[in-house]
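Chain naming follows the written order as A, B, C, D and E, and within any one chain the residues start at number 1.
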Amino acid sequence: MERDLALIIPEIIVLLTGVVALVAEMLRLPRIALTVTVTGLLLATGMTLPLLGADTSIFGGTFRIDMLSVWAKLILLPATVLSVLLARTELGGSDREGTVYSLVCFVTLGSLVLAGAGDSMLLVLGILLSGLGSFALVAYPRNDSATEAAMKFFVFAAVTGAIMIFGLSYWFGGTGSTLLSDLSRLEEKPVVAAVGLIAVIVGLGYKASLVPFHFWAPDAYEGAPVSIAAYLSVVPKIGAILALTQVVRDLPMSTGWPLVIAVVSVITMTYGYLAALVQDNIVRLLAYSSVAQAGYFLIGIVAVGASPLAFTSIIVFSAAYAAMNLGAFAVVMHAGRTLDVFSGIGRKNIAIGVAMVVFLLSLAGIPPLAGFVGKFLLFGASIEAGFTWLAVIAILNSVLSLAVYLRIIVPMYQQPIITASGSAPIPLVKWVLGITFTFTLGIGLAAQVLLGRLA
Amino acid sequence: MTAQMFFIGFFGLAGVWFGIVVFRTFSMVRSALALLFSQTALGAMFLSMQAEFLGVLQIMMMATEMSIMAIFMVMFMMDPGGLGEMDMTHQKRLSLGAGIVSFVAAVAVAVFVDWGPVASVSPDAAQQTIDLGLELLGRSMLIFETAGITILTAMIAATAVAIQPVKRTREQ
Amino acid sequence: MSIELLLALITGAALFGVGIYGALSQTNLVMIMMGIELILAGAMVNLVAFWRYLHPDNPAGQMFVLIIMTVMAIEMAVGFGVAIARFRAKGSVEMEEAAELKG
Amino acid sequence: MLPIVSITLFLPLLGALLVMTLRKAPVQVVHTIGIVTSGLTLMGVVRMWSRGVNETGFAQLEQLDWMPSIGAAYRVGVDGISLPLVLLTALLFFVTFIYSAKVRKQSHAFVALMLLLETASIGVFTALDAILFYVFFEVSLVAMYFMIAEWGHEDRQRAALMFFIYTFLGSLPLLLAILGLYLGSDPHTFDMRDWISNPPLNGTAAMLALVAMLITFAVKTPVFPFHTWLPAAHVQAPAAGSVILAGVMLKFGTYGLVRFAFQMTPDAFRDAGIVILVFGVVAALYGAFAALAQSDLKRLVAYTSVNHMGYIIIGVAIAALATDPAIRATALDGSVLQMVSHGLVTGALFLLVGMLQDRANTREMDQFGGLLNVIPILGWSFVLAAFASLGLPGLAHFPAEFQIFLATLQVEPVAVIAILGIVITAGLYLRAIGKVFLGEPREKWTNMADLNVREVLALSPLLILIVAVGVVPAWVLDVIHKTTAALQF
Amino acid sequence: MNLIAAAILAPLSMMVLILLLRRFPAALALLGAAVGMFASLYLLADAFNGQGNQLILPGLPDMPLRLISTPLTALLSTLVAGVSSLVLVYAVGYMKKDSEKVRFFATMLLFVSAMQTLVLAGDWILLLAAWELIGLSSYLLIGFWYRRPGVTSAATRAFLVTRSADLGLYIAVFILIASAGSSDIATTLNTGGNAAIAAGFFLLVAAMGKSAQTPLHDWLQRAMAGPTPVSALLHSATLVAAGAILLIRVAPMLPPEVLLVIGLVGGVTTVVTGLIALGERDLKRLTAASTSSQYGLMLVAVGAGVPLAALLHLIAHATIKSGLFLGAGIFQHSRNSTVLVNLQGAGRDRPRVFFGYALAALALAGIPPMSGYFSKEAIIAASLASPNVLLLAPLALAGTLLTGAYMARALRILWHGDRKSHKIVGLYWMGAGLAGLVTLAVILGVAFPAIETLLNTRLPENTPTRFPPEIFGLGAAVGGLILGWFFTARRLLGPLLPWVQQGFTIAGGFDNLMVRPAFAIARSCERLERILYAGVFAVGRFGLDIGRAVRRNDEQGIDGLIFSLVRNTVELGSRARSLQSGLIHREMAITVVGTALILAALLLALLVY
């Protein structure tokens, strides 16, 4: 038991951080809450490092300390820190600022639970935990659009969550266990496996905003503060993707799940980019883009069990995605929510312009940026798993993605400056931009640092 | 036909029936009450399936929950008394279709899957509770704790969302 | 396969169907939540039946039911929180009126 | 030994960073940095040239671990196919920098972007690791996109987008092919040398990979009917961009065709040889005829590029179809030399058209007339470059085209029909010369200034080399032949 | 220094020097020509002593470039050097008033060195290169006065027609190299079989283009737009001669089928262009047509299997024809025109010039004892002795007859008429050039036996034939002269005259048969280009349409939103505000339906497994 607890020290730290931040907020000490949150999350990140290379499970297999969950911590905790810094910039000084930090900690905790889930019940609770805080965060401004977004978000969450639980009940009937590692018993009961899988796809798909469970995402991102949208598009999404990975790695191949995931992947990425193509609110555009990126994650999941590259590719792409998506949202936070305000911004503020171009090109998968390395590994994994057609479609979608991102890049450099905004970025945003920029470039150029650890 | 079978069928039918009533009445309060009856019937069904602890818990929890729900219902409904015969539904046909398809699919799974051998006996009530307790504090401890944290989060989140903002945020 | 199990599973399926219908057809947030309660109830019925007739030796089934009850309660709480916030901002929790965000 | 390849490769990048840091530096300083950096790069390449290539395989290898866990590394080196192209690249960038010293608009960004483009271009030719190759390949795209979009002409936005999307779309199949080759190699590696010496795929897989690569390189080269981006991009690109685009970046396609398609899937390439040959013939003829219909000088030169690149495709296809190693070497010699020649000649032509446009603000041939008398240096330079382009002996294209057609006749006599392109290009260039430079001078151009010293400096290396390659092709061909003669199949 | 290189490099280096110094062009040009001639003469002397010489230069891999001095090439080199030197002497006077002497002499020297390269080339690549380079230099020279109307098109046409025919040489060279495995001309001459036939025909095409044989004769007359020295050089020993030289050099290889065709092409040309010359109204164009005609005769000789006769006529013709052009140039300067009507009586103004001109004309007609007599007699003899005597002999005789006729006509017009010439600048230089060439034209016949010795071949003099060639040849020549002197062209040609004066253009000639179709194809390519371009954008728009449809799905009906990827996004933002909304229940319904679909897909997948 002591060993088990030692292995979840990072999670415990995150929990404590959230609680302490809440206490600080109650004492009306938002700066302390911020400091505590940042320190706590960084501490948790640090405490994760000794766990690198661990591959075990604790509490009777209900929670896994493996490659996926450890790297989830290493990626999601820093991403949370960056989001907190963004939130501080955007929401600092507002009423109950500290609750934001506290809730962010809980949502991250939920995502970490998802990423390491070894039991159906943890799956359910992880979704709930990461969802609850999210509703509150989205509704934080308490205005019309924010509450509308939160309400839609909530309804979607509740319905999909209920469907998932209902489906999971069949898995218990089929295996006699709630442990994911016992799913291999479903070899002879493919229908049960299928029903449960569909339910899981519904539940986790909602969290990861896969099509057709994505509808809440653009609305919620638009209604929420930009920093929260950035956070939601990264942390819970990656958590859900990793949870899906945890589920399918134990699912018998005979159920044909790779094909289903592949189909969902194709639909998701194509639909996401097509919808993004005609957006003019840049937050919605990025929302749809993040929907499409979720489709890319699924390419890696398809290869789970068939290609040794699968886990590597998912983790690398998660890291890349976190860096570039947060970066892009940070720029949006600095510049504004519509495409109009982006015209000429690249000329006025060269650093911001270069950073945004790098983030967007990375999202489009252009080498040598992080997104390229991630997608490259994903494609490699899927081809190795025999899903060449999936890689082909994904590659075709990359073209679509380019069109989407060029819609932002083009006006940045080519249209006259029409807005007066565009002051120098606030120091915190600068930091966030600097860090995400470094990682977007760094993961591209020095992918070995990641890959070496993953091998 | 054993008694157990009868009770399961009876309470099941009652639960489903009250479930349907929830969406057939125009009165919010009646909806809440119907849901309460439905859940209670299910609690009784648990009892008849020899899951005593769960059955009792279900009835107790649902009673409280439904009463809270009724209060909110009155608060938020346009026509709490159900006097206006307002139709508070939309896309009925599609929803009905979806409901029926879901039902048929679920039944199909239940019927066509070979669930394996059926256990004739179950642990008695005391044993169940002991088992459950061991489960809670053993293997499932992390789950249990997570549930606790989730409840904490729910409290924070619900409060954060619900309380009146003191001053307007910069975002507006 | 025993009739009891079948009956229970059909009950669960029916609750699921009714819940889906409710979640899709209701215009009011609270009513939608009722639909969700019914779906979850269906899951509970299934779990109890599976525990009783297939795996009585594994208390995880009961455990799951407990968790679902928690989920129900939590969702209700947060749902009402969201509803209150929405009510304050807009004066109604009708879904039809929540259509500002689009595209 | 000094890692001269890497130094040469990253020197421009360092220059770009230097320019970026000197945000406040005056324009002249920035351009001087550009010229000096590219000059040093050129010297580095000359040093590489003096070190020479090996009889077999690659020379001047330099490598460094990069992503060992997936078999990717930083590997660079040259052989007889790439070294001439590296020299061409460095030279073209050098003269372009001299020519562009007049650019005032965002000159910091311009110089930095050009230097980035130079690193990417040299990288494409020196990379011996598929990932590295792809990285440079794409980076060049991005840089060129901004080049066209920012410093192009009236309709630059659309042209830049079309260029980018088109060639990006084109480059993605290559990624698939690279993945296929990677997964086919045992042990998994991205080392292009392994792929060449030991082609990892065979059968259907190889054919699929080949098709993917062909799409990529057909778009890049470009081959009819994938060429539509080319005229648009050229017409809108600034002169510097056009020079690099035509002189260097089109070679990515043909270089890739040789390096990847031809060397890494040799059997499939041989099976598909006839089809590729047909594409080459059609491209050559179509490019010539389409050029004949143009009235815009820049479009005209752009379409002749399609024609000339068509010859290269023919050469490579013939090399694959040939069974006699001597013929294969001849065809490949011709193809590689044609890449160099085309870079020199088209580079010079685009510079000249750019200079003409600087003076007249138009490129319509009908607007001009009798300019030879007014601006003799420009006029005679254009005549020289045009005759080089139409394949006159003694100038750069002749030896290359001669070898290509010589080999073609021996392998697929019917394909020699593409030689008609020689006459068509002759006709269209003479027509252009006649319209623009001969005849009675027009009133409005009588005060046009002839080339200034900077422009002459930019142009003369190209013209000198056009003659040098034409008269004594041996100094280039010796290097090329050393590699092509030793290719094993 | 190797003398072969000197023959080429002397003019070339002087050209470079002229371009660099931009002064003393005439003197430097003469110096270059003189040095080149000495080198050629030295080569010739070596050849008489039985010494060959060769120079191997780096070329393409395994195909080095070779320059060789054999008796034949040395002889031709001397001819080129000699004629060009004299023409340059003449040009000093002719170009005295022109302001662009630098360009003129530089190009002339380029031309000379290219021609030297051609005759001295020992391998096909170098020959091909030289072949094309003389095309280039003739383009530059014909277009020398590029500001005058019509000049550009004449130059362009000359280059294009010859270049089109050059494809024949390209292909022939490829065939020869492919079948012999070497680019050495001497080696490839051993080729036999189908390769030889194919190569022979393609070589003929090339020769027809350069030597202006029917039906490709049109460009030569138009090429008169250039300065007269240029014409003199083009027509005598250089550009036009290249075709005949090529055939003479490869003659040992040619199989009988090809020889017959060559003879026929030559015969037809000599008659057709002879008629054109007879009907011509311009002195220089008349002379140009006669050039085609004479080269036709040479091809007859080659076709008859006696290339030596062709070579002799080539040499004789080179001196004669340049003499004729130089004379014509003097008349042109004195009347500022080359139209025959304006030149009436010009000969009587300058009797000495006329005398020289007349001597050349008689030589061309084939009057003994001038050089033309011997060479022409050799050709007629060859045609009479050939196996195809019935085809070739009548054509050769007709050509001879016509030669006499048009030369006599020219002489008559120059002699009769008013005296109204004016003074000419630089007459001495021009006179000197003319005198030298005419002297050569008259006496060169003496050298023919020496040439036979040098080349170690004999004319088939003693072959028994029923038709003595002397009688026939002389008869035709004298008959032609009499006809031409006493009858006008109108009387001689009758109804044929208009057609003749159009140059026997068949079906619109080069313009209709080559240029128009090329442009038609070009235009259809351009149309296809537009379609492709539009197609690419259509694909792009299609993508956007799908995007819009997807968005509509998300939001329930967007009123038609015209969206353009590139066009301004500002307007777009405002239009998007007017959108309707997607309601959550709809979205959720889609979710459920989607789930059902995925379930269906999964069950399908299960069935497959």
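Going forward, a residue touches a chain if its C-beta (ideal position, glycine included) is under 8 Å from a C-beta of that chain, and two chains touch if they have at least 3 such contacts.
The shown structure was predicted, so the numbers you read here are calculated from the model rather than taken from an experiment.
If you take subunit B and subunit C together, the chains in touch with both are A, E. Each step here moves to a touching chain, and the least such steps from subunit C to subunit E number 1.
Look at the CA centroids: the one farthest from the centroid of subunit C belongs to E.
Between the chains B-C lie more C-beta contact pairs than between any other two chains.
Centroid distances built from C-alpha atoms place B farthest away from subunit D. Of all the chains shown, the one with its CA centroid nearest the global CA centroid is D.
Subunit A and subunit B, compared by their mean Cα positions, are separated by 31 Å.
Between subunit B and subunit E, the centres computed from C-alpha atoms are 99 Å apart.
Note: centroid distance subunit A to subunit C, computed from Cα atoms, is 26 Å. Chain centres here are Cα means. That of subunit B falls 70 Å from that of subunit D. Residue positions 157, 161, 165 of subunit D are each in touch with at least two other chains. For subunit E, the set of residues touching two or more other chains reads 540, 551, 554, 565-566, 576, 582, 584-585, 588-589, 592-593, 599.
Multi-chain contact residues of subunit B, defined as those touching 2 or more other chains: 90-91, 94-95, 98, 102, 105-106, 109, 114-115, 139-140, 143, 147, 150, 154, 157-158, 160-161.
Interface note: chains touch in the pairs A-B, A-C, A-D, A-E, B-C, B-E, C-E, D-E.
The touching residues of subunit C, when paired with subunit E in their complex, are 20, 23-25, 27, 95-96, 98-103.
Contact residues on subunit C toward subunit A in their complex (touch as defined above): 12, 16, 19-20, 23, 29, 32-33, 35-36, 39-40, 42-44, 46-47, 49-51, 54-55, 58, 60-61, 63-64, 67-68, 71, 74-75, 78-79, 81-83, 85-86, 88-90, 93, 95, 98-103.
Touching subunit C in their complex are the following residues of subunit E: 551, 554-555, 576, 579-585, 588-589, 592.
Residues 151-152, 155-156, 159-160, 163, 190-191, 194-195, 197-198, 201-202, 211-213, 215-216, 218, 254-257, 259-260, 263-264, 271, 274-281, 338-340, 343, 400, 403, 407, 410-411, 415, 418 of subunit A are the ones that touch subunit E when the two sit in their complex.
Every residue of subunit C that touches subunit B in the complex is listed here, in rising order: 1-22, 24-31, 33-35, 37-38, 41-42, 44-45, 48-49, 51-57, 59-60, 62-63, 65-67, 69-70, 72-74, 76-78, 80-85, 87-88, 92-94, 96.
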